[in-house]
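There are two complexes below, and they share chain A, which is joined by chain B in the first and by chain C in the second.
Let's look at the complex of A and B:
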């Protein structure tokens, strides 16, 4: 399981690095224009560490990811994603994950980000992708949907959540300094969260 | 003596703020900085903040001045990694970084305790520019 998780994070790193300029452009519109650069720096470092390391458990890979992002990103997304992955590392098992496990993982990630960033839904942040994704997983669990359908629904909910940030006014983070002028732009944090979820889901559906 | 840590996205802001605060010291106070990402970029370096907090004398407490989002977020995270005893003695000031650091340097060097330094620099009058 540790190797699969390692592969998953290597793919995630590639996706973030490929989207470096896109994320930075989104951030330049409403923030300080470094979201892509910062995340790419963190994920590049992560790639080095993953490629040169061997791991016993999923938890170990999540923990390494968390600490690497915390130490190398340089912007708020470092402590935010770092705390999310660290929280996940504390609960994730090495057995096959079912929908209930995924709900727990998503809730832990959100709890970590909320503790660190003190944000709620609707503030034009990464939470606006993550909370709808988590809610979708819960709904699928409650309706006893199969895992593949649940993951497809989750991805759709994450995409819709990301797109909904366009119309939101930022009230947290650097974009909040722009007030109403933050409306009309997709949030870079919500976008990077979507890219991470998309990579996770697409690679686990195979 | 209460010591001071200045955390900024910009190394220049951190260093400049320290320089300004040093001028006002009435006695020896340790003023340390954690500015930028460590590789010349704008941002914060959680490892550097941790290193500074661990190396500074914390006996009478440390007042922390931080500028924007991730500086505050990184500090809060690093603080959680420290012992409970240290956590109680390290306080993030609800104050602007430059004015807060200058006033903290004065108050700390006059031998005020942690609560007194914080109370002084968290006064709203610190922001008053029109009726000096």
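Let's look at the complex of A and C:
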């Protein structure tokens, strides 16, 4: 299980590095233009550490990811993603994950980001991708959907959440300085969160 | 992509820190493995001051390390907060057992990273306090923003809290002095040309040939409005009006005035702005006790300037004038 998680994070790192300029462009429109550069630096470091390490459990991989991002990304995204992955490392088991587990994991991640960032849904942040994704998982669980369908719905909800940030006015982070001028731009944090979820889900659907 | 006098974008901060230490004539040192500048004689038997933030604002913050000001400055990547582990290392390196004050500029990233570092220090039994500088009047301080940004006024916090700490004051008193500065300092800036990050392909924002951005932030964040460029006297008047209104400055008040270049502005232009600022304040009967002109808090090669006013009383004046080995604030 640890190896599969390691592979997932290696793929995620590649996706973030590939999208470095895209994320940076989104950030230049409403922030300070470093989101892609910062995340790519952290994920590059993570790649080195993953490739050179062996891991016993999923939790270990999540913990290493968290600590590497916290100490290499900087900005706001380092502590936010770091805290999210650290929270996941505290609850994730090595057994086969069911929908109930995924709901718990997503809630832990969101709780970490909310505590660190003091943000709510609708403020044009990464939470606007993550919260709809988590809500979708809950809905699928309540409706007893099978895992593959649930993951597909979750991905759709995450994409819709990301796209909805275009119409939102930022009230947290650097984009908040723009006030109404932040409307009309997709949030870079919501976008990187989508890319991470997309990589995880697409590589889990086989 | 603009031209830059650098080697590798990934190494700009490290190479810069090494250069700063070399230029200090043995006063400063780099903490091994981190982009941290320390007083060479750290830890000193007093309250220690640690500040820092993203790089690209030189001389902030590394050049403010020295007797009478900071004990350590932590440099993040360009325009990016340093990470909690680095800040924690700086805290450990300068703490003499008398406690540490963190001086943080009000940005989401800085707050989170410094807060995590403070949690780590507390867990280690280090007495730690923090102050958050938010002097930029361009941002409306409301529930709908992250709050006002910390900009050039931060330098006055370094100077005055540094003098207080050097006097042997306790952590709580040093913090009170820092908070008093924060309450009495305001800044507003303007940019006529943007800056470009070493690792990015484009400028952080764009301005038309004849445009300027009033209320610009030190990372190129937008200000209050984009308008047609005017004569500098008019720009200075407009910036000062906003600052004075916000600070409720009246006739006979004493102030310190800082005219700060954003990195790409000729000194000639800063002095011309300073001339107007002096005349404007004198005409209103406001007394300028201290006047600083130069680069104190830059934004890479951005062309523009900011004006900072610190309202003084006897206590703040004494601390501002107290001895320091940091040349820029002598």
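FYI, the second predicted complex is superposed on the first by the 206 of 206 C-alpha atoms of A that agree within 3 Å, B and C clash if a C-alpha of one lies under 4 Å from a C-alpha of the other, contacts with A are read in each partner's own complex, and residues count from 1 in each chain.
Convention: a contact is a pair of C-beta atoms (placed from the backbone, for glycine too) under 8 Å apart; a residue touches a chain by one contact, two chains touch by 3 or more.
Quantities reported herein were computed from a predicted structural model and do not represent experimental measurements.
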Inset, instruction - With the two complexes superposed on chain A, say which partner A:116 touches: chain B (first), chain C (second), both, or neither. - result: both
Inset, instruction - Based on the superposed arrangement, let me know which partner A:171 touches: chain B (first), chain C (second), both, or neither? - result: second
Inset, instruction - Classify the contacts of A:10 with the two partner chains as first (chain B alone), second (chain C alone), both, or neither. - result: neither
Inset, instruction - With the two complexes superposed on chain A, say which partner A:32 touches: chain B (first), chain C (second), both, or neither. - result: both
Inset, instruction - Using the touch definition from the top, say if A:78 reaches chain B (first), chain C (second), both or neither. - result: both
Inset, instruction - For A:179, decide between first (touching chain B), second (touching chain C), both and neither. - result: second
Legend entry - First (chain B), second (chain C), both or neither touched by A:1: neither
Inset, instruction - Name the chain, either chain B or chain C, that contacts more residues of chain A. - result: C
Legend entry - Common interface residues of chain A - those touching chain B in one complex and chain C in the other: 32, 34, 37-38, 70-71, 73-76, 78-80, 116-117, 173-174
Legend entry - Residues of chain C defined as touching chain A within the complex: 10, 54, 76-86, 107-109, 112-113, 116, 139-140, 143-146, 149, 197, 199-202, 204-205, 217, 219-222
Legend entry - Residues of chain A touching chain C in the complex: 21, 24-25, 28, 31-34, 37-38, 41, 70-80, 116-117, 169, 171-174, 176-179, 181
Inset, instruction - Could you please specify the touching residues of chain B with respect to chain A in the complex? - result: 37, 41-47, 68-70, 73-74, 76-77
Inset, instruction - Name, in rising order, each residue of chain A that touches chain B in their complex. - result: 32, 34, 37-38, 70-71, 73-76, 78-80, 82-83, 116-117, 173-174
